[in-house]
Amino acid sequence: MTTVYDVTTWSVPGNPSATPYNDIGLIINSIIADVKSQQTNQASKPGAVVYIPPGDYSLKTRVNVDISFLTIRGSGHGFTSSSIRYNAGNTSSWHEIFPGGSRIRVENTDGNTEAFRVYRTGDPRLSSIVFQNFCLDGVSFSTNQNSYVNGKTGIRFDSANDSCRVEGMGMVYLEHGLVVRDTDALSVSGNFLAECGSCIELTGSGQASKVTDNLIGAGYVGFSIFAEGHMGLLVSANNVFPRGKSSVHFKDCTRSSITANRFHAFYPGMVNFEGNCTENLIGANHFLRQVEPFDPLKPYNNGLDDLFGLVHVAGSGNTVTGNHFSYDVPSGSVTPSGQKPTIILVASGANNYIAANNTISSVAANTVVLDGSTTGTKVLDSGGAGEFVHYTSSYSFRATP
Amino acid sequence: MTTVYDVTTWSVPGNPSATPYNDIGLIINSIIADVKSQQTNQASKPGAVVYIPPGDYSLKTRVNVDISFLTIRGSGHGFTSSSIRYNAGNTSSWHEIFPGGSRIRVENTDGNTEAFRVYRTGDPRLSSIVFQNFCLDGVSFSTNQNSYVNGKTGIRFDSANDSCRVEGMGMVYLEHGLVVRDTDALSVSGNFLAECGSCIELTGSGQASKVTDNLIGAGYVGFSIFAEGHMGLLVSANNVFPRGKSSVHFKDCTRSSITANRFHAFYPGMVNFEGNCTENLIGANHFLRQVEPFDPLKPYNNGLDDLFGLVHVAGSGNTVTGNHFSYDVPSGSVTPSGQKPTIILVASGANNYIAANNTISSVAANTVVLDGSTTGTKVLDSGGAGEFVHYTSSYSFRATP
Amino acid sequence: MTTVYDVTTWSVPGNPSATPYNDIGLIINSIIADVKSQQTNQASKPGAVVYIPPGDYSLKTRVNVDISFLTIRGSGHGFTSSSIRYNAGNTSSWHEIFPGGSRIRVENTDGNTEAFRVYRTGDPRLSSIVFQNFCLDGVSFSTNQNSYVNGKTGIRFDSANDSCRVEGMGMVYLEHGLVVRDTDALSVSGNFLAECGSCIELTGSGQASKVTDNLIGAGYVGFSIFAEGHMGLLVSANNVFPRGKSSVHFKDCTRSSITANRFHAFYPGMVNFEGNCTENLIGANHFLRQVEPFDPLKPYNNGLDDLFGLVHVAGSGNTVTGNHFSYDVPSGSVTPSGQKPTIILVASGANNYIAANNTISSVAANTVVLDGSTTGTKVLDSGGAGEFVHYTSSYSFRATP
């Protein structure tokens, strides 16, 4: 019994014309069926590895992963910029024009929107599924290559899961790269996820997961890193570049950590807390806010103005320490016009703690602003008295000397 | 001469009945013997790679690794929770009930306690041995599945070593996962080590090593990350979840670093310095202390009370900055009853430095306590005057405003 | 059409005597030529993977990589210390004396100095080239094994490139390990780069790249991590050990981040900013400065004296927060003799921010020194009044209580 499969040598029983070049989804689903037919002993289901050599594959049929311990692995995330290429004019002299590596073109004809769906009912949760080192390419955003919209999703984990990994992957020109619901101890590390509408969306709930050591940059329509209802998420050592309507967006997350990352954005709301986000740590990150320099994308933004804050805190008991903020926007581009931009906005909540942050700004800025509903925020060494605005009387403040 | 071995295709000379399913230890020892017989030139011993495809293997005989440059590699750490399963009652309808991937059941019948032992006398130290992406499963804690005791060890490095790697491994239901003595420039990264008595124990001495980007959670009997006599250890970007009697335990360590981690525990003593620990940095970490929510494990704890500190500093010249602490314990569960819990305890030593830490607590807490023997501790912006206790007159203090 | 090549089974057309043991450069160049001959469709050039099994190979001919999406991959970085061995005297009883794994001896006879050169003209930039998990060994520093000079370079990226990766590699006894010019979104992670003159040199320009989770230690003649003209570089979670004339050297870099690293050095200038370095973050790092303990290397140093600073800031708007500094030098070894060493020197620039750093020193030290040309530096909680020296009147200072 083999447990090592190669998509280029597998024959689909009863469908000899199926190839991975025509529809790798058919191939991988057939392999999964084979694994299931061979591993029927409840006490011994080790799973398998599906290898995707470098090549140019089309996926027309969604892959349905419903077994634990399956590794789907390629040899190369194969990223190259499709955004630059689609905006480059005549590329007839270019060496190559599309992503490569172990590249799967996401071209569903089965009525589904995902290339891969991980889903199972019953117990236990699916565990230790691994996606590793291949490329999911949405190919095109159809009529407007700068729209970030094509309805395509790379990988969707659609039922509760444990100890899964997405590592070394490339995703490009998908409306949604990776979507994971109700996850536990997920690892998203070492990936190159860029030029997708959204890159990483952790939805529903989650705990004890990590998003570490990635290169990430979404489109202006979506999220670079989104997490909802998470507890104990670690977001660390990522380099998150534009565009993305935010760098990290937490919705109703608690006791999570955003540390030692580098963030670069063209809009406000770089770290954006929505709903009730409590007791999170934002520490030792570098934030850079500039304006869009690329002509084709200058028409777009995330709709937020500069009073929203580069860091927007909603909720109580959060800690913001040891971060550097560079705000580099010409005064004429600040919105609303004539206003001072906000670096850190505490929009709601009690007992937030903001200490030892430094801001360098091209224009006069308010480094910390406290909304009227907030109470007990402590603001220390994070800007001068003239850079601090409070619409509440419940706070403490010590100016940077 | 091949240097790439597959455990499923190797035949043990003189022992045709040996299979990796019966005893993978015999197989790998035989492969190592073959490598040694083929590589006899002192100037050219490149080593080999031993591949373990996904499968369900038993190890009855300890593997003795006594050559440098050996990679033992699988395709999948295969973690699934055995703790949940053993406590779940009737699991007859479950899809699967055991870990998977490249899974080795540690079932020694040779009188040894380890699945793998790395050991050699003479010079030089063993170098660049790699354990990668397979599963070591202790299977059972015998009569009490919540005891974390079965006498089994996954991997033991038992002589001085250099530049070795343990990466992408899974370990579960072992009394000891990884034990490494006298190490230099070790890398322990990207692993999933959970539901072991202890997960990582770096004993004896060590220098210039790193434990980074792991998901880790030991049992209440042992250590998630333990280091003894280390200098220059970097513990960074790990998500360490319960239980573990500590998250990180240093014994006589110096000039090491614990940064940008997320820690979650059900007991005091999350970062525990024992003996004389000097000039270490604890920075930009998130700490969460709750009480045990899982009925089967509620009877157990690590024996420490809430005066011990979430961070317990013993030794001089340590730095604790930019950390967030969430202490979420019902007042009735604080011990000793009626006492205020301690967040950071400086138990001994001179010139420790504690700055810009924030605590959110469900009960009134002492954020920093200085024992009577301590001198010269500096405590800045780490809590209010009413949250600071000093049994010494030698200190400096500035309250969070 | 295969896209998976093995150097040990490839035959060079027209050159049947070529083997990877004699000249792996010829083999890989021939493989690249084959990939190019097979992939001629501009719209579909997925690249390939070149596998180097564990073995002892010589490279006499430089490999010229001029296609995107090529992965060159081995099974083992194979580091062992050549420095210890060359200085050990009689090693005739040693088990092995050279590095191993997938080891390539860099022994060019073609007039070139590099083992690998990545270079292409025209559009687009080379993308997603991967070097993974093999060993580049310069073998010898010729007449003086402690000179770190032999004119050899491991890998040189010599034209603009995007989304490339150098991961899990070993490099040893090369004058230059990895040299990358004009890079975008480069990942250098999980490597073991040591005993090279310089380890990582990112030259020309660069953006949005990361150097994370490596073990690194250069020679006294060169750089552990050097970056020039970079924007948005993330240097995080590295363990950088001696020697290296610096741990991290930035030249004209901006808005980059050095966080959560562990640095150990035998000379001043551990983090060295040259030229105009602006708005960078140095946060949550551990610095240890000692004196050279190894007799053969005691004659050497980097030529800087102790007034240069462990951190040497040149440029404006940088942030230095939450770092620990251990300075452990006998008073008789401090230079210039009788002077107090400097921990952080602000040598030039305006509006630098230094907060919440702690220094433990074996001798009286100046924790922060501001040169006469500097303006507006803010120094908070980073040492006592007696440890602060300012040759300018434009600054603000708050002593650690």
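Every chain is named by a letter (A, B and C) in the order it is written, and numbering of its residues begins at 1.
As a working rule, a contact is a pair of C-beta atoms (placed from the backbone, for glycine too) under 8 Å apart; a residue touches a chain by one contact, two chains touch by 3 or more.
Worth saying up front: this structure is predicted, and the values here are computed from it rather than measured.
Visitor: Connecting every touching chain pair, does the picture come out as line, ring, star, complete or other?
Guide: complete
Visitor: If more than half of the interface residue numbers appear on both sides, call it same; otherwise different. Which is it for chain A and chain B?
Guide: different
Visitor: Can you check how far apart chain A and chain B are, centre to centre, with Cα atoms defining each centre and the answer in Å?
Guide: Inter-chain centre distance comes to 29 Å.
Visitor: Give me the residue numbers in chain A that touch at least two other chains, ranges are fine.
Guide: In chain A, 213, 236-237, 259-260, 283-284, 321-322, 356, 381 touch at least two other chains.
Visitor: Provide the residue numbers of chain B that touch chain C in the complex, in ascending order.
Guide: Counting only chain B, the residues touching chain C are 2-4, 42-49, 67-69, 71, 73, 120, 122-124, 127-128, 130, 162-163, 167, 185, 187, 189, 208-210, 212-213, 232-234, 236-237, 255-257, 259-260, 279-281, 283-284, 316-317, 319, 321-322, 351, 353, 355-356, 378, 380-381, 396-398.
Visitor: Which stretch or stretches of chain A touch chain C in the complex?
Guide: Counting only chain A, the residues touching chain C are 53-56, 75-81, 84-85, 88, 91, 93-103, 170, 190, 192, 194, 213, 215, 217, 236-239, 241, 259-262, 264, 283-286, 288, 321-324, 326, 356, 358, 360, 381, 400-401.
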